[in-house]
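Chain lettering (A, B, C and D) follows the sequence in which the chains are written, and residue indices restart at 1 in each chain.
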Amino acid sequence: QQSRGISTCRAQKTSEFPASLQKIVGAFQMVPDPMARYKQLLFFATKLAPMPAEDHVPENKVEGCVSQVWVVPELRADGKIYWRADSDSQLTKGLAALLVTGLSGCTPAEILSVQPTFIEMLGLKQSLTPSRNNGFLNMFRLMQRKTLELVAAQAKAKQEEAEPTAAVTPTSNGNGAATAAASGAADVAPESLTPVQDGMERKLTAALRPRELSIQNDSAQHAGHAGAMAARHGKAGASGETHFRVEVVSEVFEGMSQVKRQRMIYQLLEEEFAMGLHALSLVTRTPAEADKAEAAAGRG
Amino acid sequence: QQSRGISTCRAQKTSEFPASLQKIVGAFQMVPDPMARYKQLLFFATKLAPMPAEDHVPENKVEGCVSQVWVVPELRADGKIYWRADSDSQLTKGLAALLVTGLSGCTPAEILSVQPTFIEMLGLKQSLTPSRNNGFLNMFRLMQRKTLELVAAQAKAKQEEAEPTAAVTPTSNGNGAATAAASGAADVAPESLTPVQDGMERKLTAALRPRELSIQNDSAQHAGHAGAMAARHGKAGASGETHFRVEVVSEVFEGMSQVKRQRMIYQLLEEEFAMGLHALSLVTRTPAEADKAEAAAGRG
Amino acid sequence: VADVDTASPAPAPSQVALGAPLRSEFPILDQEVNGRPLVYLDNAATSQKPRVVLDALSRCYTEYNANVHRGVHALSARATNEYEEARAKVATFINAPSSREVVIVRNATEAINLVANTWGSANIKQGDEIILSVAEHHANLVPWQLLAARTGAVLRHVRLTPDKTQLDMDHFRSLLSPRTRLVSLVHVSNVLGCVLDAAYVAEQARAVGAKLLLDCCQSVPHMPVDVTSLGADWIVASSHKFCGPSGVGFLWGRYELLESMEPWMGGGEMIADVYLDASTYAPPPMRFEAGTPAIAEAIGMGAAAEWLRGLGMDRVHAYEEEIGTYLYERLAAVSPRVSVYGPRPGSCPRGRASLAAFNVAGLHATDVSTLLDMAGVAVRSGHHCAQPLHRELGVPASARASAYIYNTAGEVDVFVEALADTIKFFDDVHSGSAA
Amino acid sequence: VADVDTASPAPAPSQVALGAPLRSEFPILDQEVNGRPLVYLDNAATSQKPRVVLDALSRCYTEYNANVHRGVHALSARATNEYEEARAKVATFINAPSSREVVIVRNATEAINLVANTWGSANIKQGDEIILSVAEHHANLVPWQLLAARTGAVLRHVRLTPDKTQLDMDHFRSLLSPRTRLVSLVHVSNVLGCVLDAAYVAEQARAVGAKLLLDCCQSVPHMPVDVTSLGADWIVASSHKFCGPSGVGFLWGRYELLESMEPWMGGGEMIADVYLDASTYAPPPMRFEAGTPAIAEAIGMGAAAEWLRGLGMDRVHAYEEEIGTYLYERLAAVSPRVSVYGPRPGSCPRGRASLAAFNVAGLHATDVSTLLDMAGVAVRSGHHCAQPLHRELGVPASARASAYIYNTAGEVDVFVEALADTIKFFDDVHSGSAA
């Protein structure tokens, strides 16, 4: 069993990537020689459009790279994101160009569903170890973070135009009481009994602006769970936070497959919580789907 | 080549010990079985005279032992030292008894000339690693320190009766200037250029109350010295402190052979300076011998 | 003792029986001391290392040794991966929500000093109270004494129950007040073997708004420790006590809390940008890892954590309860002169650790351990870095036998017989029956 | 390159030729990276370890691993002996008057933080001045920044000579004043390779009553360092840079000075007597070694020190001058676009270290080192924990090739050819000649 600290979930298949990224992966996989692949990367760099001087600002800068790297997204009216990037290192600029080409013209949902593991298919010896100076990974994560910010800002703007505040319905099963209100992300008391749950709530609320969000802690039901898991949880007395059911209704999901929605939430919670969560049962719906389900339930 | 940090100089031969200690070593060496040797040690403990309650005070306590150990010397009119000791551990009490028996009735010079390595001849698995909780070594060192204190106190008392203050004659050869006056031990500036020399002067003055003390730094003459030594000294620019000539006149030497005098000084400087000194050329004389030598020089 | 009939080649770790079958993984155990087979019962001081840990160390130094986080060359990239993977293995071992919550330090002592000098210096003011106990290891006393001396904070010490076997929880509760800023207690005592009711302590500490640090040096090696359910804000442990190398250990802290802590040591790796007169700092855990870390040692610690997790900490705990009970019962039966400290097995809902500190009336603990060593039995004697506790117990020192997963009931028998011989040996000398 | 015809079996270390004949002692060097033989030129970041060090580590863990200073049993006694013997070997290596002057720490970074938090906190007041330089490693900048922020002390930085190859000694002298309490400088720069005139600095510092700390991380591995003649009050170094394990290093200080320093970290081993509210402390070096130390690592460090001493540090230095000069000259000749930092060999009475930090005009250092790695050549790129120095040099980063006793002229050739290929590779892409 691989340890959960570094491993991401199973590698995506190429067919799951956005088409633009599939093309790049294909192009690199046709080149058998590593030096030629670097050459190809450098050609990508030369094709990158120049980045305006005003974009070279700290908020666009990727932290922790030895070289300097900047990335800027633009969410256009077609609902898709277009990227600009630059670096003072030619190889890093090549990686940036590759990401710009692969992720421009994609929807936020597509971008968020991409896993960084695709880089391993390119044969460039890029590591996926989270580390301060992992230029590629830090650049990729900044791009996903900026995407989430855009999604959140957009959702918020729409909401303010049209909708009431989303209602969170914390429901508790067993000993895992939900504590904070939907808007309460910032004022979760630091001595919270349920740090995992609070964090999930904060993250999901910020990124998805959900109409409804229900987080249910089923850990107590799994306290008798066999094997090593139980060994870590069954004994310690207080409430574990290992098994959750999450139901979320958000318009961010419009046009996304169930798989992509789940992957997006996994991505959102990956860095902070993947290692604390042993099991996450997800129900993801758009507002329209939720209304339909409710109506069906009313009928049934 | 053994490293100098822990090794003492070559182990003494049994014949070089005081007779009382020779007897003990002989007794232990006759017992082939280690458990029987421990039994013998415990018998030593039972033979130890009880120590009066007033002797169980911090200044008599050996530091760093897990068990509690106390040692007290008494310098009698015959010029010899007699010991009392106690411990709450029976084995440590046995070691104390062994030292009390072996070193009682010895002159200060005899006691100071003993090396702790004799313990290895007893087959008791006593370590000679300097360590906080090396009960035997710490006890042995406290006994030698207390001996030195007695010698110094006695010499001082005699001196105050009869003699003028000892004159130190610092002579310098090359770049090793002697800095402090004989009484200046305490006020050697911490930023001294010659820490080794200053320390030697302080130690020898305190312990021997010398009528004359000359410390001469010959290190510069040896700067060209071949091999690893030179490698460590020839390059660094400033004055090394590696080779010294010491001439000392003290009545402490009365009745001691040259070998014992040298060993006593070696012992005095061992812990602090043995590792900084590569070569120590010693001339040790009693006042009477010094007067005779001077007279001879006057004639010659 | 635990699983049975696993004679098949290369069984999965979770199927390896503990005790005797595990000994082949520990090359050091197969030796003679003073002509007798070594019986190593000093595990509470340090554990031995399985082959998998020795191999991890060896692979690091012979395959990819390089400095971490700084280089792009192949060795450096691999070393960085292995180092960060080790951090993740430790996180998984204690079920930390994120490996970013694991700070790699030299030992548990450094970890406590780190908290005292960062969170402590920033949050503890004159008159604030810190609750410790009389049973703490010096590492959980002295850093707070130094902090109290700097800040004017007041130290309160939970006392023992009247039978002196464990901490008095009523007394603990009576010490709590709105002035309590911190509770810092030992999870499993290295002398008494008693196990703290961490859930209760966490609940009570939280009720007065105090932070909770648990010294898990003696729990992490021996039982499942899950930081998501333990209730502590920080825990500390040393690698060398849980089958890992010396020179490394970890501090776990809740991430928001780590983020709120200013840096302690300055240097490379812990910075974001350095200017001549000031610098900005990296986020945790890097913020607290100044300079080249204990790279190979951390990798060894990760290997140890992974190996123990593979064995199953519930199985480890069950095995130790069994051998610990056997050790206690046999030891207590040697002679009426033998006193064993801490709670009797079975008397306590949370059990007791597989260690037994004891004294023999009329004998010094050091004499006992010296003679046991002659029989090849390694036990510790002294104050076990818990002088105040020994004052409470009214003895200057104690001897301590502590078992681990590779010790067997047969070894306990050897120890107990050697102890009986030792007592007889001293009795014989005193009755003059020796040659 | 150094001695010749030592083909006899098992020659004494002082007769082993350096360079190629030494490589069999370093198992890690015999491997391929990216299909090419490894050329390890990242020694200033960390050195590789000879068999004698690996064996010392292995022996510790398979023969006598136990906690030190606390037990009377055979393993514990042996571990204590080996640990203290290691301290003595380090003392001998730097010619310290006494092993009591050697404090075992995690790394040089911790050693500097230790001095800043003990001597510094007690002796540095508002308005006092500390002299550093623009060429310091972050480890010799950030601790003093933190101290200055606490105390109101002022940091002064020695600048570079106009040609930016070394520290400007005239400027150093101009910074000295009666307010100067401390001078803390790098003995050998990890970027410029320049060697400090320690004797002059010591004399000048002493003249104003200032203490002197030297960061000897890059000198102790490469040249004879003799604390009795160096003139410093403290020196610091990291084991992993001089053939020893990671996770350990040392602080040397004059004993009276160490004695004057209050403890920093509290815990076991550093105490004399512990009471509930206060404690008394052990004398140095134990006072500064709280908790279980890096036992095996210290023993490995001792083995490394002894092994290097056996080789002869004068021979090591001579060999490195030779290969360092070759490295510099060949590198500088690759292309007019290559700039090598630091003094030209022969231009300096104290020589330069066998390292060469450089840049190729038009290429980022990281790109250079990435492509070199494809050719099996390991060099570092980045700011080498010296951001301020790189600002002085006007570059964000540099690449650095650093040689040690096992590197050969042939390896320098491989590196230089790979660098020429790398430059051509980027040029080709830009001129569009690629497929």
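Assume contacts are C-beta pairs under 8 Å (C-beta built on N, C-alpha and C of every residue); 3 or more make two chains touch, one makes a residue touch a chain.
Predicted model, so just to flag it, every value in this text is computed and none were measured.
Note on connectivity: the fewest steps through touching chains from chain B to chain D is 1.
Comparing the centres of all chains, each the average of its CA atoms, the largest separation from chain D belongs to A. Counted by C-beta pairs in contact, the busier of B-C and A-C is A-C. Centre-to-centre separation of chain B and chain C, using mean CA positions: 42 Å.
Each chain gets a centre from the mean of its Cα atoms; for chain A and chain C, those two points are 37 Å apart. Chain A and chain B have Cα centroids lying 72 Å from one another. Here the spacing of chain C and chain D, counted between their Cα centres, is 32 Å.
Touching of two or more other chains is recorded for residues 34, 70, 72, 74, 366, 370, 381-382 of chain D. Contact of a single residue of chain B with at least two other chains is seen at positions 66, 133. Taken chain by chain, the contacts fit none of the simple shapes, being neither an open path, a ring, a star, nor a full set of pairwise contacts. Contact between chains, using the touch rule, shows up for A-C, A-D, B-C, B-D, C-D. Chain contact summary for the complex, chain B toward chain C: residues 34-36, 38-39, 42-43, 46, 66-68, 88-92, 133. The touching residues of chain B, counted against chain D in their complex, run 3-6, 63, 66, 125, 127, 129-133, 190-191, 193, 195-196, 199, 227-228, 230-233, 235-242, 271-273, 275-276.
Every residue of chain C that touches chain B in the complex is listed here, in rising order: 34, 363-367, 370-371, 374, 381-383, 396-397, 425-426, 428-430, 434-435.
Contacts from chain D toward chain B in the complex involve residues 14, 69-70, 72, 74, 77, 80-81, 84-85, 87-89, 91-92, 95-99, 197-200, 202-203, 206, 209, 223-226, 228-231, 254-257, 272, 282, 286, 306, 309, 312-315, 317.
Of all residues in chain C, only 27-28, 31, 33-34, 38, 40, 42, 45-46, 48-49, 54, 57-58, 61-67, 70-76, 106-110, 112-113, 116, 132, 134, 137-139, 141-146, 148-149, 155, 157, 238, 240, 245-248, 263-271, 273-279, 290-298, 366, 369-370, 372-373, 377-382, 384-385, 387-388 touch chain D in the complex they form.
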